[in-house]
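Below: a set of structures, written as structure tokens.
Both of the next two complexes hold chain A, though its partner changes from chain B to chain C.
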Partner chain A sequence: MNLFVNKLYIWSRSQKNRNLFIQFIFIIFVSFFIYYLISKALLLDMTLSHFDSRAGFGISHTFVIDYTSNDSRWVSYFTGVINTIRVCIVAIFFATLLGTIMGVARLSKNILFSTISYLYVEILRNTPLLIQIIFWQIIFLKLPRISEALTFGNTVVISNRGILLPSASPSDNGNIWITIIIITVILSLIVSYIINKKEDLEGKSIKLFNFKFNGNLLSILLFLTITITTYFILQKPFNLDLPSLYQNNKGTFLQSGGFEFTPEFGAILFALVMYTGTFITEIVRGSIQSLSKGQTEAAQALGLSDYQTMTLIVLPQALRSIIPPLTNQYLNLTKNSSLSVVIAYPELFMISRTIMNNAGRALPVFFLILITYLLLSLVISIFMNVINRRVTRIGT
Partner chain B sequence: MTKIKLSLLLFSVMSLAIFVACSSETETSNKDMAEGNSTLKTVQDRGTLKCGVNDNLTGFGVLTSGGTFEGFDIDYCKAVAAAILGDASKVEYVPLTASARFEALSSGEIDMLVRNTTWTASRDRDLANDFTATTFYDGQGMMVYADSGYKTIEDMDGATVCVLQGTTTELNLDDRFTSVGLNYTPLTFETNDPLQAAFEEKRCDGWTTDKSGLASKRAEFPASAGGPESLVVLAETLSKEPLGPLTRDNDSNFYDVVQWVVFGLIQAEESGITSANVAAMAASPADPGMARLLGVAFGDGKVADFNFGVDPTFIQHAIAAVGNYGEIYERHLTPLGLTRSGSLNALWTNGGLVYAPPFR
Partner chain C sequence: MSNNSIKWFFGTFFGSVFNSIVTVLSALIFLFLINNIIGFISTAEWEVVTVNRRLLLIGRMPAEHEWRIWSILWITSFLIFSSINSWGSPSKRNLLFISFITLIICLIFTTSSTILYVVISLVICIVSYTVSYFIYKSSYQKYSQNSLKTLWILLLPIIFTLLLIGDGPSPNLWGGFLLNIILASIAISFGFPVGIMFALGRASSLPAIKIICTVYIETIRGAPLVAWLLLAWFVLPKFLPTFWGLNEISVVIRAMIILSAFTSAYTAEVIRGGLQSIPKGQIEAADSLNLNYRTKISLIILPQAIRVVIPALISTFIGVFKDTSLVFILALTDLLQVGRIIPEQDPEFFGKALEALCIVAFLFWIVSISLSNLSTKVEKSLGIGSR
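Up next, the complex of A and B:
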């Protein structure tokens, strides 16, 4: 016994052994904790069979999927997923645009531009997104009420029920025309690639009536010719959908038709664009500043204008260090979109919560939400990685 | 190196603490209930009752500017606390949104839910709740602006309707509009405040929820937005909405106490026992039935104890704390303009539906 204690003492004298022991204990605790959580979860009903039932509730914003309350809960869930994707794509586009402009403006010699950009970043980056979302909703609700709605002929209706714009909905031949457009786009890309390649290799270009055609111009012409002629051949493949403001038989104003831009969509879109835009501004500014000053000076020495210096020399090089942190911002934006649950924009989290309230089984539904966000994030990551690889390859 | 070791040790201890905390917290969840860990015992051991309530519905449950909770539903929390713990102030109120309430109950965050919650089959079975008794017979209504000219639901084709997310009202609304083939746009909010803001800006034509809730919201509609007179609640009732307290499934000991406190308060009104005279009645009960209700001996007899697991005088404590059913109603709902006589919420002896099974 004494020998054992002695041996244990000697064993414990080693720093490595003691660390090993502590880590061993730690792992045991963690495994027990995880085991406990899993064993509790297994007692619950983890299936999503209740998603096959009739949904029974209406959704205010439907896009692509023509959802009615008679559809299953799966359809309502995917309506929510599409609403999330829709707001994310539009917000990512505008946030990038805004961030790039503001990032360049931040470094402008013009004091007005740089001050605007500075104030924009410092104010919007340092206030909570949730409060910004509610702020934008209040702003949008201050648009004219429907009884005082602004109308511009039969083309635009503006009220706090939504801004209605003319839109086009495909008629019978519409889908054929869309297919033709897609094929033509691919065809044009191939044509421009072949011609440009040939031009690069042989140094010759196609000349017609003394006018030099390059591949890009030719492919655009090709695209326009085919799409416009098929548009007339197919006899108006699209019906124009004009918005209207009307009074029902009780004298109450209602609006319908066209493309609808609602206050809820507007609020979440503006908030996400403005908020994420601040971070993108800083990324763009940082990346430009990280470039050696010699690049700008060399460009100026060559006689390039400020605009040319920016678009031809600085931004293409800055892009390399912009893309990785930009990906993070896109992912943040996607995850932040779930905050729109507070302003009645029915994105996937809000619809899932409604389903949970109607039929319970919160845990499997939460897993479904997590997997959906994970998939959305992975798609963005993969897409951005592809772009990143392309960008970093140029010039190496 | 010592630092790393210490932090590792600390981390292990903390994870153990979390582990222990989690296991003790989930004791009240459904699965343990069968093993005899009743919420009743938990409440008695803890010394407070955790009651899930509304904090934004005048008359039913509202957080006053003084920081206290008041309302019809709140009084049932107080009554149950008085019955189990002998002190109506030993309630821990947990304000909940409509969409978070059932998760809060099933996870054990609260002991009972009294948040103008409608008794339905799917909530009883699918969500694993037990509804104790109906304290208020409500029905869903539709509130519109008086100048809109809407008189019935059928007029409202193409309207936008504001509704709370995850409620039965949201589902009833859809049933009603789709059954007559009307188009409508539901605008679903998680809480009442942004909903009211949108309604005040006329973002929606109608606001639908239980008629009692509409009466409450209409009564306090700000003058800047037109005041109560600018609104009308349509006569049509879209649905049956029996509201009442609920507990978790398979929790009979606690369930029975909550249920019989509600019945006890109804019986008290029928027997004419009020918060003012309950002490006198308990000292000399008029008949054996009243003695049973108040948990006291009739004459020289023995006290009838029904083994609720609480003091037999529990209903007496509840009445002393909040008064009988009629007193609670008068205090909170009459000021909203919800007239009791002639409604479903009158006592059964007056032609209503408020009825308690015999306390024997």
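Up next, the complex of A and C:
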């Protein structure tokens, strides 16, 4: 017995053995906890079989998928996913634009410009996003009623049911033209890659009639000529779709045609752009400030203008330290888009909530939400990592 | 105007073509905003806020329990105002800011029936401020600092005792701004220590602990807070043990649990950033002094790691405070919900949604801006960035 205690003592003196022991105890505790959770979860129905049955509720915003209430719940869920993706892509684009402009403005010598940026950040960053969403919804609903809608010569109709903009709808040849565009984009990317590579290796650029062509210019010219000629060959692949406002025989106003920018979409878009924009502003400002002052001074010594200094010297270098926190903000934006449940913009969270309310079985639906958001985050992260790799490669 | 100032004016505003365009555009934005704000303020009717002030601040808490709120307010104002002077005098700008905030809070609370209470709190503020000023100058400085630290730690238990002691109102009656503040303080004071533990776990060299902590953090951060709150609404009670009535806990407690878990995950990520920023020499020095793990963490690593991330930490806390407005998912009536429901349901105040929303936003803004002001002050006093 004494020998065993002695051996145990010697065994425990090794750091490696002690680490093993600690991990073993930890795993036992965690697995007990997980076992408890699973045993409770098994009492619930964990299947998603109810997603195959009829959804039975309408969705006000459909995009790409033509959804009706007779479709299955899966279709309604994917309509929500597409709505989320749609609002996120538009919001990410505009938030980046706004944040960059405001971040530069914050450091501007122009007092008026920097004050706007200061007030914008300090006010909007410190109020909850939810309040801002509701605020924009109230603003959109304060637009004139549809009977007194503002019209601008049959092209734009503004009322509290939304803003109608002219759009283009594809005719019979439209799909052919779209495929041609996609093929041309890929083709011109390949052409520009090959020519740029050749230029890098040989140090010579292609000359035609004493005019230098670099790869980017050539591919843009290629793209434009092909798309424009095919547009005329196919004879109007797109029809202009103008919005119209009319009264039916009972006197109620109806609107049709055009691209509809609804108050819900507008409210969630404005709020997300304005709110995320404040954080991007701070990121851009911090990154620019962290650059050494010699860069700006060198640019000024070369005689570059303020605008050129910003776009050619400062921002490209600041981009390196901007992108990692920017990715984080994009992920936050994606998750924050779920708050549009409060103004009934039907994105994936609101539709899953409706399904939970209708059919119960909250836990499997929750896992579906979790996986969807994780996938969206993964896509954004991969995309931003690719950009990050490109950006950090410049000049190294 | 001298020649120089004219030169300065044209230099800053119309120095180049690009600059002139920017100036004109910003002036137009300013005019548009000022025009709209003046238009709104001149037509706004603030009756919706003044009549429903009680509901907005403390929800449906019965009048006989009001003394609890007042005593909490007194204790907190005593603590805040004695802390201002106990670690060095504030700058003039900070003092101006503090008096501005205090004035606004007093204005918010003042009605004909509560003016006595407000005056008492003002007196407490002034007395504790002056007394702490003299203590800071005297030799009792260290004692007062230590006792204040203890009181700050005990503040949350004291508040809850005051809220619950002797047949206090049930948590379901908490509402309005009170609910936001309670939820945020609970979430932060539980989430912060748990978050530190998860951050250490994630930075640990033991693979099992590392993987489990990473999975926890990434799962919680993977889904939005509203989704977690919805989960708490539907399934959390089914996962709790059946004894002590734990499976019938009130919605407020569920919100607290979810918010704390959420805060812990986000704090852990912030602190992990701090842990990574510590130079390896520090850890090696601690190892060569033969410090054990606990001493190494608590004396060498954590103080330095937390010091670096204080700004990020406080902005996370501000985020948590703002996120407490999401408890509408659990059908709780927090400040924002009260501000939304009143103009929708009370026929007297139809169409006054914007006025109510403005005040709600203002209250959230005041707390957040005070916290971010505190963060810059702490940052300066610790010398981050200058060292």
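One rule holds in what follows: the second predicted complex is superposed on the first by the 342 of 396 C-alpha atoms of A that agree within 3 Å, B and C clash if a C-alpha of one lies under 4 Å from a C-alpha of the other, contacts with A are read in each partner's own complex, and residues count from 1 in each chain.
By our rule, contacts are C-beta pairs under 8 Å (C-beta built on N, C-alpha and C of every residue); 3 or more make two chains touch, one makes a residue touch a chain.
The shown structure was predicted, so the numbers you read here are calculated from the model rather than taken from an experiment.
Participant: Output check: A:Y77 vs chain B and chain C. Expected answer is one of first, second, both, neither. What do you get?
Facilitator: In the superposition, A:Y77 contacts neither chain B nor chain C.
Participant: For A:I59, select first, second, both or neither according to whether it touches chain B, chain C, the two together, or no partner.
Facilitator: First partner only, chain B.
Participant: Given the touch rule stated above, what does A:A344 touch, chain B (first), chain C (second), both, or neither?
Facilitator: First partner only.
Participant: Just chain B (first), just chain C (second), both, or neither: which does A:M356 touch?
Facilitator: both
Participant: With the two complexes superposed on chain A, say which partner A:N19 touches: chain B (first), chain C (second), both, or neither.
Facilitator: It touches chain B and chain C both.
Participant: Between chain B (first) and chain C (second), which, if any, makes contact with A:I131: first, second, both or neither?
Facilitator: In the superposition, A:I131 contacts chain C only.
Participant: With the two complexes superposed on chain A, say which partner A:K250 touches: chain B (first), chain C (second), both, or neither.
Facilitator: The answer is first: A:K250 touches chain B but not chain C.
Participant: Figure out whether A:N160 sits in contact with chain B (first) or chain C (second), or with both, or with neither.
Facilitator: first
Participant: Thinking of the overlay built on chain A, is A:F32 touched by chain B (first), by chain C (second), by both, or by neither?
Facilitator: First partner only.
Participant: Which chain A residues come up in both lists, the one for chain B and the one for chain C?
Facilitator: 19, 22-23, 26, 30, 40, 43, 134, 138, 341-342, 353, 356, 360, 362
Participant: If we count contacts the way the header does, which residues on chain A are in touch with chain B in the complex?
Facilitator: Within the complex, chain A contacts chain B at residues 15, 18-19, 22-23, 25-26, 29-30, 32-33, 36, 40, 43, 50, 56-60, 68-70, 134, 137-138, 141-142, 145-147, 160-161, 248-252, 254, 256, 263-264, 341-344, 346, 350, 353-354, 356-360, 362.
Participant: Under the touch definition given earlier, write down the residues of chain B that touch chain A in their complex.
Facilitator: So the residues of chain B in touch with chain A come to 1, 4-5, 8-9, 11-12, 15-16, 18-19, 22-23, 26, 31, 98-99, 102-103, 106, 122, 126-128, 148-151, 155, 157-160, 165-167, 170-171, 173-175, 177-178, 184-191, 194-195, 197-198, 201-203, 205.
Participant: Where on chain A does chain C make contact in their complex?
Facilitator: Answer in residue numbers: 19, 22-23, 26-27, 30, 37, 40-41, 43-44, 108-113, 115-116, 122-123, 125-131, 134-135, 138, 305-307, 335-336, 338-339, 341-342, 349, 353, 356, 360, 362-363, 366, 369-370, 373-374, 377.
Participant: Looking at the complex, which residues from chain C come into contact with chain A?
Facilitator: 12-13, 15-16, 18-19, 22-23, 26-27, 29-30, 205-209, 212, 219, 222-227, 230-231, 234-235, 238-239, 318, 322-323, 325-326, 328-329, 336, 340, 353-354, 357, 360-361, 364-365, 368-369, 372
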